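Next come two complexes built around chain A: one with chain B, the other with chain C.
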Partner chain A sequence: MQYILKRLITIPVIMLILSMIIFSLAFFLSPSERVAVFVSSPDALQNVSLDELINRYGLDEPFYIQYKNWFKRVIKGDLGWSTSARMPVATALALRIPATVELLLLGQFIIFIGGIFLGTLAAIKHNRTADYFIRITTIFGISIPGFILGLVLLIIFYVKLDIFPPGRLSLTSLDVVSSQEFTTYTGMYLIDSLFNRRLDVFFDSLRHIILPSIAYSLGSLAAAVRLIRSSILENLRKDYVNTARVKGLTEKRVMNKHVLRNALLPFITFMGMEIPTLLGGAVIIETVFNYPGMGTFIVTAARGLDFPAILGSSLAIGVIIIVSNLIIDLLYAVLNPLISLE
Partner chain B sequence: MKIKKCFQALLIVVMLFSLIVTGCSPGETPEGQQDTQEEQAGVPRDDIKNPDTFIQATLSGAETLDLHFMSSAATSGISLNVYDSLLASKKGEDLEPSLSTIVPSTENNLINVLNDGKTTIEFPIREGVKFHNGEILTPEDVKYTFMRGIIVGSLSNLTIALLGEGSYKDLVEKVGSNEAFNKLDSSISISDHSIIFLLDEPYGPFLDLMADNGAHFGILNKSWCIEHGAWSGTKETVADFISITLEENSLHDKMMGTGPFEFKTWEIGERVILERFEDYWQGPAKINRAIRQVVSDTNTAILLLQKGDIDFINLDLPDLQQVEGYEGIKVIKEMPTSQLIKINFNFDIHGSKYVGSGELGPNGIPRDFFSDIDVRKAFSYTFDYDTFIDEVLLGAGIKPYGPVLVGHPTANPDNLQYDFDLEKAEKHFKEAFNGELWDKGFKLTVPFNEGNNQRQRALEILQLNLKKINPNFQLEITSLPWPAYVGEINDREMPLSQFGILPRYEHPHFSLAYHMYSRGYYAPVKGYVELAEERYDELVEELGRSFDDERVKEISHELQRRSSEDALSIFHYQVIGNVAMRDWVQGYEESPFPFIINYHSISKE
Partner chain C sequence: MSLFKKIIKNPMGLFGLCIIIFWMIVAAFAPILATPADSQNPYSIMRHSFSSLPSSPDEEALFGTTSGGYDIFYGIIWGSRTAFLVGLITVLCSSFIGVLIGGLGAFWGGILDNIAMRIVDLFMSIPFLIAVIVMTTVMGKGLDKIIIALIIFGWRGYARIIRSEVLALKEEEFVLAAKSLGASSSRIFFRHIIPNAIYPIIVLVSINIGRMTLVAAALSFVGVGAEPGFADWGQMLNFARRWISGVPGDPFFYWYTYTYPSIAMVSFVLGWTLFGDALRDIYDPKINI
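Then we have the complex of A and B:
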């Protein structure tokens, strides 16, 4: 508990450092763009000169003072105006983050379950048909670029089989979620639909998110399977396994209770490290599947040199990664009590 | 051995899966089969997806919902269905009454040229027309709409016709706020149930302006606008609304009109949903709902069309091959459109995003780079028009003669034109900046709107040819989302931009004033106001006044000549449009804007 508290306390510190690094990027931009970071909308730039605004917002002040001013606005939730989204950055992020986080969670779930199951199976069936099959398949998984995989999945499962459509919801479900009867809690339709007891929306959302989640996670899943397999094989050769067997434990118990538990430790680390990769991959997947998430927002902001949006989304990604890593660390301790979080 | 077995197993699985997949495929059908489907059009069909909803996929989202702030055809398609104008127009047909019960003319005495040259044009307003909120349309709404549009800086043609200035702001600066308001107020008056415009002088294209079917000249509900924070309609409050920005505008995300569809929701960057207005004065539409859905990936949009989850898309010719002959999809291609695309030179670049060092040399360009006529001429000769039309557009475009569209009565095929000629380009580059440019070279960055392959390829052609002329001539290419692209054009940030002239009528005044008039669109946003004042304004103004067809043609030809002589833009193509839709879509009307659809006439059967 103390550890969790300590980690929670470190989050603002890390965010502070992160925000300083990100903010310093602003100094690579022209003064007019730096002004835009400090105002909630471009209106303020219309009827006053740039010099007046530079004075008003203290842009000729030292870095630390400028940073303090900007940070004060961020604390209030004012991240500036996004010229590419035509709305405040905070609003744009609030609209887009839940979709991407939902995709990320489902993707991680697929990697976790699929990785353990297939990795274990490959290790148990070491150098047998199943092992070869899984290993060859993982090579495909790692090799296929996300946008090609996405299109192929769409053609097969949407055009040909008509199971998983693109987008985020069907028209019928969109009507439900935009009605007054439906309460938005998280912006994640899978969760909100359950809270609203709308199983139809839940299954519709699931139908739409499954394909992008698979396309999103397949590369990482393939890597995870290979990692788990080699980790299990390595642990199987260790002395503690022989000891367990000598003590009369069944193979199943040896595997589940001892080997798998130890093999999961590098896997958990891997999952934490995959989060930024997955967020990067979201850009392509969201475009191909017409899935309105944060990835497309960040790309359009970056292409439009929409610096307030870039700053805001970088901070949001920072928070997601830090929180995810905290969860990973906690999982680490759960899996191996010998690791002291203190 | 085991590896061999494994490969065999894998092969069998892949083959089985392929068989299942291809077995489920609807595939392509022979033409005969398609005819059979068409013959069955009258029979009720149970295969229609979302039978009461028409879904149109668009590459870009709307930048605003306020018709007075719309600056692109992408968003006019929404206002056209939510608003009505005073008059209506259809391709190749005479103007028709709409919210005005009569089309004014000198014959019916609704247009009167007074002794002092002033002109009055009267529109009797239709009675009993309801807004979507149930309120009844009055001449007050009409007056408020046009006054508001002029005050916020929109409706420039109307502003010029009524006030003699390009914008209300200019008039205020010239005569003061009190007099400016009085002039505007008195130029639109109400008599009985009519609205009367008082023009300083005759303005030929006035009726055409009022017949844009609601795209920009639609009528707003005054009390609703005021209730939602727009200008209150009084002189006292007008100062707060003069030339306001999009972000200051409280109607940015709202709509209230008398059109066949009422605005329901706008999920920015995703979709706009419109719902049928049951009390529409011309009778309710056949479909309940119309959705403009953003699908930023063309391949995904095509898949959605193939599955019937969207009903309509407009496509470039190369993409059209993917849907031609596909079961359940009909295609209309090579429709001539009123869309002329040009590469515009910015004579006075604002901001520093795209000019690098801001000085002539390997790391940048000066902000007045394109104010040098030799640079503009050199660029005009550098563009390979034929390659672009043949290889990028695959023949689905034509090279314009100048700013007046091919096919319009006064377009001049004998106008001076630039062809691809690298020798001439080199000559002009060597003369530019007194010879400095050739030695120092230049580097500039030019954006296109993302997803627009044609604009990207046009820049790539320029990039390649510039390199051929001189390796020190560097053009870097980047992309922007559509709203940012439009925004940066209006903010004069881009050195070069590709944007069009989209005349809604054939009178040359629209194209030429838009392109060349100092108070039109391009001259201010491309920084050539002074040149326009010196060389074009007098002729453009006379063009607007003249009712003499011969004189109109003469002036039009002269302005086209001057546009080419001054190399204002690279006129690289006039669009030929292609659309694809499900075969259950009925009532699509071909127009010079194939992707702007009148949903009122659409049904799915």
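Then we have the complex of A and C:
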């Protein structure tokens, strides 16, 4: 309990530091570019000279005053106007974040299940054909760049076989989702469609998300398999395994109840550390599959030099990472009794 | 047994080394393999036409051209120089910074170490690719800006690894012996600790040369990297992206636009990864249980 409280208290501090770092990026820009960060709608820029704007938003003031002005507006949820999305940054983010989080969750699910299954298989079949096969595949899995894998998957499953299309939803499902009867709970279509009892939308969304989530998680999956494999092999040599075997437990029970549980601990840490990598990969994968999430938003913003959108999405990514790190830490505390005792 | 012999005895490592040597030869002989039309500006991809459609391989363009008439063969040959350039510069600079910050922090310990590690933690939790995109957006376009951004965010991993090595070495008897002989701190650090702690860094350097090239290529691929027409594999793939659907009835009509750059990219990264893996097996046999 104390551990959880301690973790919760540090969060506002980290967020404050994060927002300062992100805002300091705006100081790479000239005041005329920086003004965009403070403007909440394009109307504010009509018929005003640059000097007036500099005065109005205090662009010649020292850093901390400008930061204070900006921070006050951010707290109210005003992140400025995105020229590339033609809407307020906050609105654009509210549409895009669930899409990326959905991808992240599905990707982590694939890494978790696939990592445990293949890693255990390789460890059980140590130095036999299955093990060699998995080990060699993982080396290639790590080396294949996400965008090339994505293109290959797209060519095979969309261009050739026409099973899995790019994008996020087909037009008919998009109509359903934007209609009045469809209630949006989380913005993640896989979950919302189940709550709305629309299986057709669920399968349509699954059909769209399956390729990007595979392309997105394969590199991390390969690393996860290697980690689980060596972690299990290491644990199998420990004394507690002998004790469990001597007690007369079946090999299956030794593996599932004892070895796997211990091997899971470094794996949970790994999954937490992979979140930034995965979110970075989302930029590429979403571009390849034309998936409307945070990644494509950042790329369009970067191409169009849309600074408010860049700062806003950096902030959003930071918050996603902080929250998911918290979840991982709590999970770790649940799995590892040593931590909760502290 | 010398290091070279050990790598050659490892089939995967040998394979990786061969790929790297192949690309080194390609990069070294680029002006002979693909003579630039404009010798002042060899890195801008040769154009055969301004046609909006790709054209299939022929005698003039060995691997065909992409939309805009860019020669794919030329782009791949000169792109290998870009790949080495980006990979080597970013990795050497960032490993140097990382080793210095992490190593000195661990060597002196106390508050300095604490500050260094908190900064590393902070950098570790930032998505690398997004950070680099944000940096290049505020700094402006161009390969040099990408390299700077990659260095700024690339040193963190080295710092963390060298730290744990130095912390362990600091207490070793040979260091204590050097200290009792009156060696200065800087001598102990540079002559005794760093040479012994550097092996895992070398492994990481090898793997990261491929990885950093990949990140730079990925940036060009999404369109925030090198300027249009610059010889860069990521950019070649960006050109190819529009042509993956082929023409109705023949989905693989434009196969040459994406196949050649993909092979170049994957083999380059694979080469460095295999080489790095082999180095790791040699330096630390424990990992490969």
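Keep in mind that, in the parts below, the second predicted complex is superposed on the first by the 331 of 342 C-alpha atoms of A that agree within 3 Å, B and C clash if a C-alpha of one lies under 4 Å from a C-alpha of the other, contacts with A are read in each partner's own complex, and residues count from 1 in each chain.
In this section, contacts are C-beta pairs under 8 Å (C-beta built on N, C-alpha and C of every residue); 3 or more make two chains touch, one makes a residue touch a chain.
Please read these numbers as outputs of a predicted model, since none were measured by experiment.
Enquirer: Chain A superposed: clash or fit between chain B and chain C?
Expert: Overlaying the two structures gives a clash between chain B and chain C.
Enquirer: Is A:166 in contact with chain B, with chain C, with both, or with neither (first, second, both, neither)?
Expert: After superposition on chain A, A:166 lies in contact with chain B alone.
Enquirer: Have a look at where A:289 lands relative to chain B and chain C in the superposition and call it first, second, both or neither.
Expert: Only chain B; A:289 stays clear of chain C.
Enquirer: Between chain B and chain C, whom does A:151 touch in the aligned arrangement: first, second, both, or neither?
Expert: In the superposition, A:151 contacts both chain B and chain C.
Enquirer: Identify the partner contact of A:4: answer first if only chain B is touched, second if only chain C is, both if each is, neither if none is.
Expert: After superposing on A, A:4 lies clear of both chain B and chain C.
Enquirer: Does chain B (first) or chain C (second) touch A:85, or do both, or does neither?
Expert: first
Enquirer: Does chain B (first) or chain C (second) touch A:314, or do both, or does neither?
Expert: second
Enquirer: So, A:65: does it touch chain B (first), chain C (second), both, or neither?
Expert: neither
Enquirer: Under the stated touch criterion, which partner chain does A:133 make contact with: chain B (first), chain C (second), both, or neither?
Expert: First partner only, chain B.
Enquirer: Check whether A:178 is in contact with chain B, with chain C, with both or with neither, and answer first, second, both or neither.
Expert: Only chain B; A:178 stays clear of chain C.
Enquirer: If the two structures are placed on top of each other, which part of chain C overlaps chain B: 205-213, 241-249, 259-267 or 277-285?
Expert: That would be 241-249, the only stretch with clashing C-alpha atoms.
Enquirer: Touching chain B and also chain C: which chain A residues?
Expert: Dual-contact residues (chain A): 151, 154-155, 158-160, 287-288, 303, 305.
Enquirer: In their complex, what parts of chain A are in touch with chain B?
Expert: 30, 32-33, 41-43, 46, 81, 83-87, 95, 127-129, 132-133, 136-137, 151, 154-156, 158-162, 165-166, 171, 178, 287-290, 292, 296-297, 300, 303-306
Enquirer: Would you mind writing out the residues of chain A in touch with chain C in their complex?
Expert: Within the complex, chain A contacts chain C at residues 17, 25-26, 28-29, 139-140, 142-148, 151-152, 154-155, 158-160, 230, 233-234, 273, 276-277, 279-281, 283-284, 287-288, 298-299, 301-303, 305, 307, 310, 313-314, 317-318, 321-322, 325.
Enquirer: Can you tell me which positions in chain C touch chain A when the two form their complex?
Expert: Its residues touching chain A are 12, 122, 124-131, 133-139, 210, 214, 217-218, 221-224, 237, 240-241, 244-246, 251-252, 258, 262, 265-266, 269-270, 273-274, 277, 287, 289.
Enquirer: Name, in rising order, each residue of chain B that touches chain A in their complex.
Expert: Going through chain B, the ones touching chain A are 2-3, 5-7, 9-10, 21-22, 24-25, 50, 53, 63-64, 245-248, 265, 267-270, 291, 295-297, 299-300, 303-304, 306-307, 309, 351-353, 447, 450, 478-481, 483-484, 487-488.
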